[in-house]
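Naming follows writing order (A, B, C, D, E and F), and every chain is counted from residue 1.
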Amino acid sequence: MHKMPEQILLGHGSGGRLSQDLIKNIMLPAFQNQALAEMHDGARLTINGTKLAFTTDSYVVKPRFFPGGNIGKLAVCGTVNDLAVCGAQPLYLSAGFILEEGLSMAEFRQIVASMAEMAAAAGVEIVTGDTKVVEKGAVDGIYINTAGVGAMLPGVQIAANRVKPGQDIIVSGFLGDHAIAVMSERHGLTLPAQIVSDCAPLNKLIQKLLTEVPEIAMLRDPTRGGLATTLNEIAVDAGVGVMLDENLIPVRPEVQAVCALLGFDSLYLANEGKVIVFVEKELSEKVLTIMHQTETAGAACVVGTVTEKMSGQVVLKTKIGGLRLLDMLSGEQLPRIC
Amino acid sequence: MHKMPEQILLGHGSGGRLSQDLIKNIMLPAFQNQALAEMHDGARLTINGTKLAFTTDSYVVKPRFFPGGNIGKLAVCGTVNDLAVCGAQPLYLSAGFILEEGLSMAEFRQIVASMAEMAAAAGVEIVTGDTKVVEKGAVDGIYINTAGVGAMLPGVQIAANRVKPGQDIIVSGFLGDHAIAVMSERHGLTLPAQIVSDCAPLNKLIQKLLTEVPEIAMLRDPTRGGLATTLNEIAVDAGVGVMLDENLIPVRPEVQAVCALLGFDSLYLANEGKVIVFVEKELSEKVLTIMHQTETAGAACVVGTVTEKMSGQVVLKTKIGGLRLLDMLSGEQLPRIC
Amino acid sequence: MCLAVPAKIIECNGFMATVDISGVTRQVSLMLLPEAVVGDYVLIHAGFAIQSIDEEEALRTLELFKELEQYASNS
Amino acid sequence: MCLAVPAKIIECNGFMATVDISGVTRQVSLMLLPEAVVGDYVLIHAGFAIQSIDEEEALRTLELFKELEQYASNS
Amino acid sequence: MRLTAEQTAGAAAFFTATITRLATRPVRIMEVCGSHTVAIFRNGIRQLLPPTVELVSGPGCPVCVTPNEYLDTAIAYSRCPDTVIVTFGDMLKVPGSASSLQAEKSRGADIRIVYSPLDSLTIARENPDKHVIFLAVGFETTAPTAAATVLEAKQQRLKNFFVLSAHKLVPPALRTLLSASETKVDGFLLPGHTVTISGFEPYRFVAEEYQVPAVVTGFEALDILQGVSLLMEQIAAGKAELLNQYRRVAKPEGNPAALRILQEVYSPASAAWRGFGVIEGSGLKLKPEYGEYDAQTALPLPEIVTNEPVGCRCGEVLRGNIIPEACPHFGRNCTPEQPVGACMVSVEGACAAWYKYGQGRWNYA
Amino acid sequence: MRLTAEQTAGAAAFFTATITRLATRPVRIMEVCGSHTVAIFRNGIRQLLPPTVELVSGPGCPVCVTPNEYLDTAIAYSRCPDTVIVTFGDMLKVPGSASSLQAEKSRGADIRIVYSPLDSLTIARENPDKHVIFLAVGFETTAPTAAATVLEAKQQRLKNFFVLSAHKLVPPALRTLLSASETKVDGFLLPGHTVTISGFEPYRFVAEEYQVPAVVTGFEALDILQGVSLLMEQIAAGKAELLNQYRRVAKPEGNPAALRILQEVYSPASAAWRGFGVIEGSGLKLKPEYGEYDAQTALPLPEIVTNEPVGCRCGEVLRGNIIPEACPHFGRNCTPEQPVGACMVSVEGACAAWYKYGQGRWNYA
């Protein structure tokens, strides 16, 4: 393992390799415990016989209002989804606000209203909270943390070690919409009205999937770091290889266009309303049928399979039939001209 | 109810009346649910028959290292204590970090180490986390959110409506040490070495109290807004009056000195390792005996009683025998010369 | 060494133009391609149109590639 | 209208002094009280020593108040 | 060496008994100083006095008597680019005509709160490219600290430090008060800390010219009770003298060194007081030799439009003519969270103290 | 109107078959351009080619060939007060002698990432009190955009916009490469986008003087396969011509308007290339008439100390003499997270592309 830098870099929050370094070199050794070491989207716990999932995320998105949502919507959906991909029914959320002195009250109300709306949509309650206000300049407008508690669905066992060669890998729809919706304005790009963040609660979809297809081996929401990073994590944790087919990966032409302009790779773009499902080949159709009946996963498709070879690695079969490694994200993606 | 300002003010995070306004005018109507409406230090929930407490707080303390602790120590103790005063045994914590690009890795390690140390001291596990890194200037160094889940102690019922006239009010030790330790340096004041933040996990003390004196009616940790604000909240929630005796309230002379210099009122200063207990007069001695056996509550004492009169208000009997209202904090306290 | 993408000019306004790239629009400068007009396909680099795209040639290349479908094997 | 607190000078350094207020120390300016010396009790306002405290008078007031303990009733 | 709880209670009981014994007819005693107002409330002194002894607040809260024009000017400076406003915490929340420093700060103005005016020099040194303007507000006690800071700035050759001065002198306001026909005050608790600087001389006219007893008083609960007691004794005896309860600190000659520095930097001027209008000789302006430190001389602003809050009765409150409760806004649309007038904002403001400590909101019966 | 998956696969299979058929002896083909390097890796083209066809990267990553001295200068500017550095994202992480722009930014330097040089003018207008310095790095394709930005700054009369120029021209580097005895290249994929500006003329010497076949090539996977195929055909036939695969964009005359603007603002100069040393006529410097926009003229810095990383073999990589894997640091103490040389940082750097896309780390067998 290479030596850690002496300062925190933006890349340490990118969800890619530097984030992993921070977790593996600092968090895990300090906090050592079984639940954390699993490094899932949330911790699975048992309290007095009741099986729970528990997760947290902080939301620092900029701009805080973007096509298709705002930071409040994101804060509820993100945590709901992390619980859902643990195999839990999300039930209760906490909300911790850090507000910058001078934030417009109207904006704050709007953000809170989005949170309430999404909580209702997801069927969860925001039951406890905290608000801190810091001096002008000590935070950029508003940051929100949500933590969530859910009840593990009975009979469900989402775990990396259940990922096995031969399984199909399904993504629930077009990739990169969220990242592009959030960043385009910053770079002077105007998206057509229909391209908006995919931010949405996935728990009802996932609960349906897990109820009807309890054999599902693994779920994950490809947020920061995108599909590529998420699959790399799973490949390592499961000790398997992943083979993706570029022709199958759903990316909208508009998203491709922004990537071409700024030199980004769509497979590393964050999603906020997508889920990746690992399931035995024979059950793929069943999963897809359920997904296609919903609005959020209408474009779901198989994008690849689990392999025995290339353990811990993700390989992409390209449009021209070539093969290449699809590595974890290293540092954030920056707009570039070469 | 007066009209809300159009912008977020520092006072909205002070824990005083503006904080209450924000909760009552924005949060409660938006998120409406029973657990939140109780406005306790945490939500009490039942999942599949298991009774839980769930709470969150964000920590934005500045400076992040202060005599007696740092932001990481605070982030663990604060949430542990909020669970404990709900009548729960704290079990699991989440940790959400928002880091400023450029934060020293050594500092971050030290903060994480303090969190681990306090978690061990409190007997809780930090089981899930999240790290975001924002651009230089978008946050002031490091902010931490912790959320916590605990198991309700059986047979315990901490609730404002159990506060009754005639009960004693006990505080577990000297007030204001934390606030003074944190702010003194900012104003060029040097404290003697023994004056440090009281930041400490109280869950073991509280569990002992609740086990041995399950009749305890109410607990609360007087953090932001201090003793005065906390008692006002309880007086309103319980529909009782509170009568305090200034001669009984334990405040160190050094803390009084800083208050005199800067024009602060020690009864509004934040504490991070103190608990307020409401208990029938006959049981006060028992509570105090347990407290005096511990290090964190060696200076515990009765400071007042619950009254039937002056419902919703807190009255202070002064050293010269006068009486005056002890109101909620309105806005933050600022150093003043008059 | 120079990322550049094809785009269609959908509006001109002096030396600035709005271009469309698969539905995404952006303002670009025409300073380096002053003769470009609405409807032209141009190559965009660093916020400038740097060359016009010859549609006929583009089509010719595409047609050539298409004809090669017959060579597709299950590689 | 002018918060001021008594303090004891524990160190002088030109026009600056370190004062002690119940164990808390701070740097204050002696510009307004140049004749003050270590050991003096002084009144502090806005970072300046603004007056020396007459210890004898202070004691006299205290003694007077003490004598009145007999009037304490359970008010 | 402090008093025990019993000793304190004993002394308080003694003074209260004395006052009650002497309160044979209704008297109005004005505590001139805002710190006295707060100390009276914080110690619950009103509850201990007989109903015939009325304590009324006077013009001794520097924040309260500072008119909107000053605040509007400070706000206008805070909106200038590359400008740092340095202030005591007291001024932050006070409303001007249309804004407050707090609101400007929340919109991004660089406003820093300090404990000492000397801290502004540190800020000026650390921000050589910015104009650093210290809001110099306060009475005799505070004005010398600002004057000393100007001298120190000169010594350090700072070119980016300025003072926006609204310092005021208490005695001219007392004279204005005493010469007004509606004023009814039977005795004054004089502000111990201004006297600490000025000495007794400027206050003698109260007793000698207007025949109203006056006691220079300290700020502990017992000091105040003793001060009131000394006033009651004079009133009962039909005397009008200037007495000193605060002997340990207040000296007849005041602080000559401080007065010298004050006179080096400032000269007397007429000044506008909220509730009083312009009072001649009641203000302090920087002498021409120090004009380069005078924000209004060195950094002239375009004229500002200023107006006083509608319906606010701060003026009458400050003159001791009404109690805060008599203002129709009090506790209704005027609260510390949403103040109408300055008196509801300043910690030492009479309206704020009445509200905070429950007067008119609370009755312990 | 795009190709279907089958059409794409068919065309790829056709070109691959052609290349394989013609690959009767080992050949080395240099893709001059970093965008080609990345496209080759991203499309997995190496896996499709027969082992006898070796693709080597050339000096066509502007970030990689920019020597440390330039970065150290940019870093020195970023440390000046009231200075904003404006850069493409490409430059941010590149290590200089002792720091990087990213590290400076994390310590508080004001460094902004833009997509277009024109964005620096907006920043300059919005920050009139600051020096706004654009890091002008790039080849023929990019240099005219910087030149146009300087003209626009002049038009807007901006006095606080500056350019730190390290623009370079590709053909002189190719000439240096071709004249070196150790260079072994059987054909060149020429950079389609520089040719788009410069036209063919500057590249003719490759085929005509040095008798090495060259194909101006586009950046889609099929463009590249066709380009390689066109080279293989020439090599098999013993020909050395300059061909154009990228007809839809690359025109013999280039872009005359862009060249005019380039020549208005810049004149040719010698320039230092990482791995090549100083190459005469390979750089562009602002003409004296535009000296006021030249950071180094208008804002002179004290001399800086600069040194190249020890043990890094970027130079040899950039000259196509070694593959990244041959560097002992590759993948060991040189990774994208902890790069030793620029070639591991730039997205288009050969070492970065090899590493990211698994070459030498991964074997699909």
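Criterion: contacts are C-beta pairs under 8 Å (C-beta built on N, C-alpha and C of every residue); 3 or more make two chains touch, one makes a residue touch a chain.
Computed from a predicted structure; not experimentally measured.
Q: Touching both chain A and chain C: give me those chains, sorted by label.
A: Touches both chain A and chain C: F.
Q: Taking mean CA positions as centres, which chain lies farthest from chain B?
A: Using the mean of the C-alpha atoms as each chain's centre, the farthest one from chain B is C.
Q: Out of every possible chain pairing, which has the most C-beta contacts?
A: A-B
Q: Over half of interface residue numbers shared between chain A and chain B means same, under half means different, so which is it?
A: same
Q: Averaged over CA atoms, how far is the centre of chain C from the centre of chain E? Could you give it in whole Å?
A: Averaging C-alpha atoms per chain gives centres 73 Å apart.
Q: Between chain C and chain F, what is the separation of their C-alpha centroids in Å?
A: Distance between chain centres, rounded to whole Å: 21 Å.
Q: How many Å are there between the centre of chain E and the centre of chain F, using C-alpha atoms for each centre?
A: Chain centroid spacing, chain E to chain F, equals 70 Å.
Q: For chain B versus chain E, what separation do you get between their C-alpha means, in angstrom?
A: Computed value for the inter-centroid distance: 34 Å.
Q: Counting only residues that touch at least 2 other chains, which ones in chain E make the list?
A: Those would be 8-9, 12-13, 34-35, 61-62, 88, 106-107, 115-116, 119, 138, 142, 222, 348.
Q: If a residue has to touch 2 or more other chains to count, which residues of chain C qualify?
A: Residues 1-3, 45-47, 75.
Q: Where in chain B do residues touch at least two different other chains?
A: Only 5, 7-11, 101-102, 135, 137, 188, 261, 263, 321, 336-338 qualify.
Q: Can you list the chain B residues touching chain F in their complex?
A: 101-102, 135-137
Q: What residues of chain B sit close enough to touch chain A in their complex?
A: 4-14, 19, 22-23, 26-27, 30-31, 33, 35-36, 42-43, 45, 47-50, 52, 54-60, 62, 91-92, 94-106, 108-109, 112-113, 115-116, 119, 125-135, 137-140, 143, 145, 147, 149, 151
Q: Using the touch definition up top, name the residues of chain D that touch chain E in the complex.
A: Residue list for chain D touching chain E: 1-4, 28-29, 31-35, 43, 45-48, 50-51, 53-55, 57-58, 60-62, 64-66, 68-73, 75.
Q: Going by the contact rule set out above, which residues of chain A touch chain C in the complex?
A: 184, 188-192, 195, 253-254, 256-258, 260-261, 263, 321, 336-338
Q: Which part of chain F faces chain C closely enough to touch in the complex?
A: So the residues of chain F in touch with chain C come to 1, 3-4, 6-11, 13-15, 17, 33-35, 60-62, 88, 115-119, 138-139, 141-142, 144-145, 148, 151-152, 170, 191, 193-194, 196-197, 222, 247-249, 251, 255, 257-258, 261, 348.
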